[in-house]
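Each of the next two complexes has chain A plus one more chain, namely chain B in the first and chain C in the second.
Coming up: the complex of A and B.
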C-alpha cells in the first residue's frame, strides 16, 4: 500500500462517504518499508494536480515524515526542483505501508493491512 | 451438474421458474451456514468476515465437487440482498479463491480493446480497475497510475507480485517477459482487496475506471446496476458541457453464436459455468493455450476449463478426482448493458460487441448547473 494510493482511498462504509472525517484514512501501528522504484519525474508532475495535498500533508505527518509545505508546488516548480521530486517520489511511490491498520475518522472502523495489502471487505453489519 | 441454469432477475419475463428453483438449491447449505448463529438476520458472524467465509465456501465447494455434485435442499430464490450475497459467496467468491492460481495462469494477455482504452487516457491520469483479478491491466499504460481492487485476496496476492515485478529496477524486462505490456519507465501501481459494491475509493477522484468480466458475476439486476453506480461515483464529473471520467465495462454476452460455447439469444441468461481445477496445471502453459487468450470470452478459457454441460477435453481434461467449480454468470443480452448504465444514472458514451462480450464506455450524466454553483 503506497502513500500515493492512500490519497485516493476513503472508508468503504457507504454512510461514511459524505463525511469529511472519512478521508484520509489514518494509519495506525504502521510498519513502513521502502521499495526501490526508478524515479519517473513526468508521472509525478502529471499526478500532482490529482493529489489532494491537504490529505497528503496529514498522511505524511501521521507517518512521521517531515512536514510538507502548506501549498503544493506548481508543475513548473516541481519540474525544476530535483530534491522535491526525489522527496515526493520517496514518499508517494517508494514508501509502502506493509503492516498495520487504516482507521476511518468517522466510524472508527479499522482496515487491516497485511503484507502490503489493505483489506476493505466489510463485516456484514457495515455493508 | 447437468442443469445449472435459471433466471434470477425478476424484471425480465421468464417462464423458467422451475429451473430457477432447481439452481438455487446449490448455495443453500452455505447460506444456511452463513446464517447459523445469527438470528435474526444481519449481524456480525465469523462467516461475515469474507476471507474466512471464502475459505469456508472453498471447503464446501471442494467437498461438494468431490461428492460429484452439490447437496441439494431448499427451493428459495435469493430474493433478499443477503441471499444474493451468500449465493455469490459460494458461486463466485469461493470459486475464485479456490481456482486463483489456475485462473491467473490463463489470464495474462491484455484484451486489446481494453488496452487501447487505457492507452487513450491522459498522462498522469488516475484509474481504478475494479475486479482486477491478477492485475493484468495494471502497467499496460505506464503513463497512468492505477489502483486495482478485487474481492479475492488470493488473486490480489498474485496481482501484487506482478505490480512489484513491474516497478522493480528491471520492471521493463519483467514486463516484457510476462506479457510484454509495459515498456518505457518503471510502472507504479497498487492493489487492494475490496468488494465492488463497497468500494473504498475517494469519490470523483479517478480520471477513468475499468471493470472487465466482473459485473456478470452479480446475481441480481439491482446488484449489477449498483456496481455500475459505484464505478460512476469513482470518476470525475465533466466540466460544463463536457464528458467527465469514463468507465469501461465488459461483460459476457448471451449472444455467442460463434464461440465453442454455442450460446445464443434463445438461451438462459443465468448460468453456472463449470471450471475444472486440475491438480497438475502444467498443461496450462502449453503454446496452444498461450496463442489464444482473451478475457472471459477467450477461447483459451474454454480450453482451460470453461465449458457448459460437457467436460473440457483440452488443457484441463477432468478426471473423477478433479474438483469442478460452478461459477455463476449472468449473460447480457444485446442492449441490456446500456440499460443498466442508464438505470445507474449514467450515460452511454459508446458501446459494442467484441468476441463474446458486450462492452460499454459510460460516464456520469452531464451536470447543467452543479458546476456553476461550485464556481460561484
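Coming up: the complex of A and C.
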C-alpha cells in the first residue's frame, strides 16, 4: 500500500468521522518497502490538490522521513522543483507500508496491515 | 476532413460511448454522424482511436456513395491535390466487405477502376507505406439472397489502428489469478476507456475482487485503488496468485496505489459532505470510479452487521471480546441491492472531482415489468448506458459524470428519497436476485420464452 493511500484513509467507525483526530491514521510498527517506479511529474501535479498536506506532514514524520515544508508547493513550484518532485515521488509513490498497524487517534482502533493490505472491517458493535 | 472509423463487430452499444470517451481523453472535438467523424487532422484521427478496444482502424475518407460511380466522382471532386504524395511509395489496395463477398476477379476489376489515381509505386501486401481500402456495406445475408451489389461504398486512406490486441495481452485465460466473477479483459478495458482512465489519473474500484478493472485502468497509465469486503480475493493464495501478482505479471506495479479490505457502507475513504460551492477538486480524491458490484447471484451481496440481532443476541458481545484476534472475521448481513447502488452514487458524488466519471455494471431483467431503472443522483449526470444482452436478462454499463457543485439543483437534493426495500433475506432485499432465481417468470406465472 503506497504511502499516498494513507492520505486517503480515515477511521472507518462512523462516530469518528466528525473528529479531526481520526485523520490521518497513525502507523504503528510499520514495516516499509520500496518499489522502483518511474517518476511521473504529471501524477504528482494531479495529486497536489487532493492531498491533505497537514496530514501528509504528520505521516511523513511518523514514518521517519525528513520534515516536509509547512505549506504545500503550488503546481508551478512543484513542476519547477526537481528535488521536491523526487522527494514526493519517493514518499508517496515508491514507499509502501507492508506490515504493521494503522491506529485511529480518536477511538484507538487498530487496523492491521498484512502484506500491504489493510483491513478496515469492523466488528458489529462498531458498525 | 472527414474520417471513416471501422468498428469491430462486437459489443455494438458500447462502440460510440467508447469512441466519444476517447475524444474527451485526447481533447479532440468530434462531430459525429455515426462512424464518419469530422476531425481537425490526420494526427487527431490517429490519436482518437489508438487506445480504442472496439475500433479496428481509422481512415481518411476520400469518397463514399451508393455505387462506385458516386465514389469515383467524390474522389475526383475532393482529393486530386492529395494524389501526388502517393505516386511512388509502396502501397496496398484492399477491399473490406461487410456482410458480403466478391470473387477475386471482381475485386481486381474494382481495384483497377481506381487506376486514374496514378499510383505507380510497388504493390506490397506486407508493410506497405500506404494502404487504400474500399469498404463495402452489404445488406444482411446478401450472399444467400443473391444481392449483386452492396448498399454503400466508402473509400479511404488508412491512418491507424485501435488497440484490438490489448484484450489478448490481458486475457483472463493467461492471467495468473482470477475468480468466477473476474470481468473479461475486453469489457474491462472498454470500461476503463469510458471512465477516462489515463496517465496520472486516480481510479478506484470498491468491489475490486481480483483486480480486473484496476489492471485495465493501470494499463492506460492510471494509478489505481481498490477495496473488497472479502480480503481473501485480494490476498489470493498469498504467494504467486494474488492481486498484486497480476499487476506484476503485466509490469504495472507503478499503477498499483493501494488495495484494502473494506465495506462500502463503512468505508475508510476520506470524503467531505456534499456542498454547493466547491472548487471542483478540494476534498475529492478520484478521477474515476469503476466497478461491477455483486448482484447477489454468483457473489453474495453483504455488508458489515448482524442479520438478526434478536435471534442471535450473542454475536455482538462475542465480537467485543474477539475482535482484536487477527483471525476474527466480522459478521455480515445481506444488504439491499438498490440501497447499495445508491450508496455507490452517493460515494461517487462525494469523492469524484468535477468531470470525473463513475462507470458501473448493473444487471436487469429484459422483461420491462421487471426492469430495474437506471439509478439517479443530483450530482451525477448520465453520460451513456451500454447494454450486453443475455437470454432473459442483460447487464448494463452505466456511466455518469460528476457535475460541478454550482450546477446541482438544491431542490433535487432535498427531494431525494431513497427507496429502500425492507426485509432481512437476500431475496427480499434484491429484486434482481429474486427474479433471476424465479427464472424471470412474471406474476401470472408465465415465462416469456419468446425472448
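Here is the rule we use: the second predicted complex is superposed on the first by the 127 of 127 C-alpha atoms of A that agree within 3 Å, B and C clash if a C-alpha of one lies under 4 Å from a C-alpha of the other, contacts with A are read in each partner's own complex, and residues count from 1 in each chain.
Methods note: a residue touches a chain if its C-beta (ideal position, glycine included) is under 8 Å from a C-beta of that chain, and two chains touch if they have at least 3 such contacts.
Computed from a prediction, not measured in an experiment: that's the story for all the values here.
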| item | value |
| --- | --- |
| Touched partner set for A:56, first chain B, second chain C, both or neither | neither |
| Chain B versus chain C as contact partner of A:68, first or second or both or neither | neither |
| First (chain B), second (chain C), both or neither touched by A:12 | both |
| Partner chain(s) touched by A:30 [first = chain B, second = chain C, both, neither] | neither |
| Footprint overlap on chain A, where chain B in one structure and chain C in the other make contact | 1-2, 4-5, 7-14, 23, 35, 37-38, 40, 42-43, 45-47, 49-50, 52, 93, 111, 115-125, 127 |
| Chain B to chain A touching residues, read off their complex | 42-45, 48-51, 82, 85, 122-126, 128, 142-143, 145, 147, 149, 151, 153, 156-157, 160, 164, 167-169, 171, 185-186, 188, 190-195, 197-203, 205-207 |
| Parts of chain A lying in touch with chain C, wherever the complex brings them together | 1-2, 4-5, 7-14, 23, 35, 37-38, 40, 42-43, 45-47, 49-50, 52, 93, 110-112, 114-125, 127 |
| Residues on chain C engaged by chain A in the complex (per definition of touch) | 199-202, 223, 225, 227, 229, 231, 234-235, 238, 242, 244, 253-254, 256-263, 266-270, 281-282, 284-285, 287, 304-306, 315-316, 319-320, 322-324, 326, 328-331, 353 |
| Touch list for chain A against partner chain B, complex | 1-2, 4-5, 7-14, 17, 23, 35-38, 40, 42-43, 45-50, 52, 93, 111, 115-125, 127 |
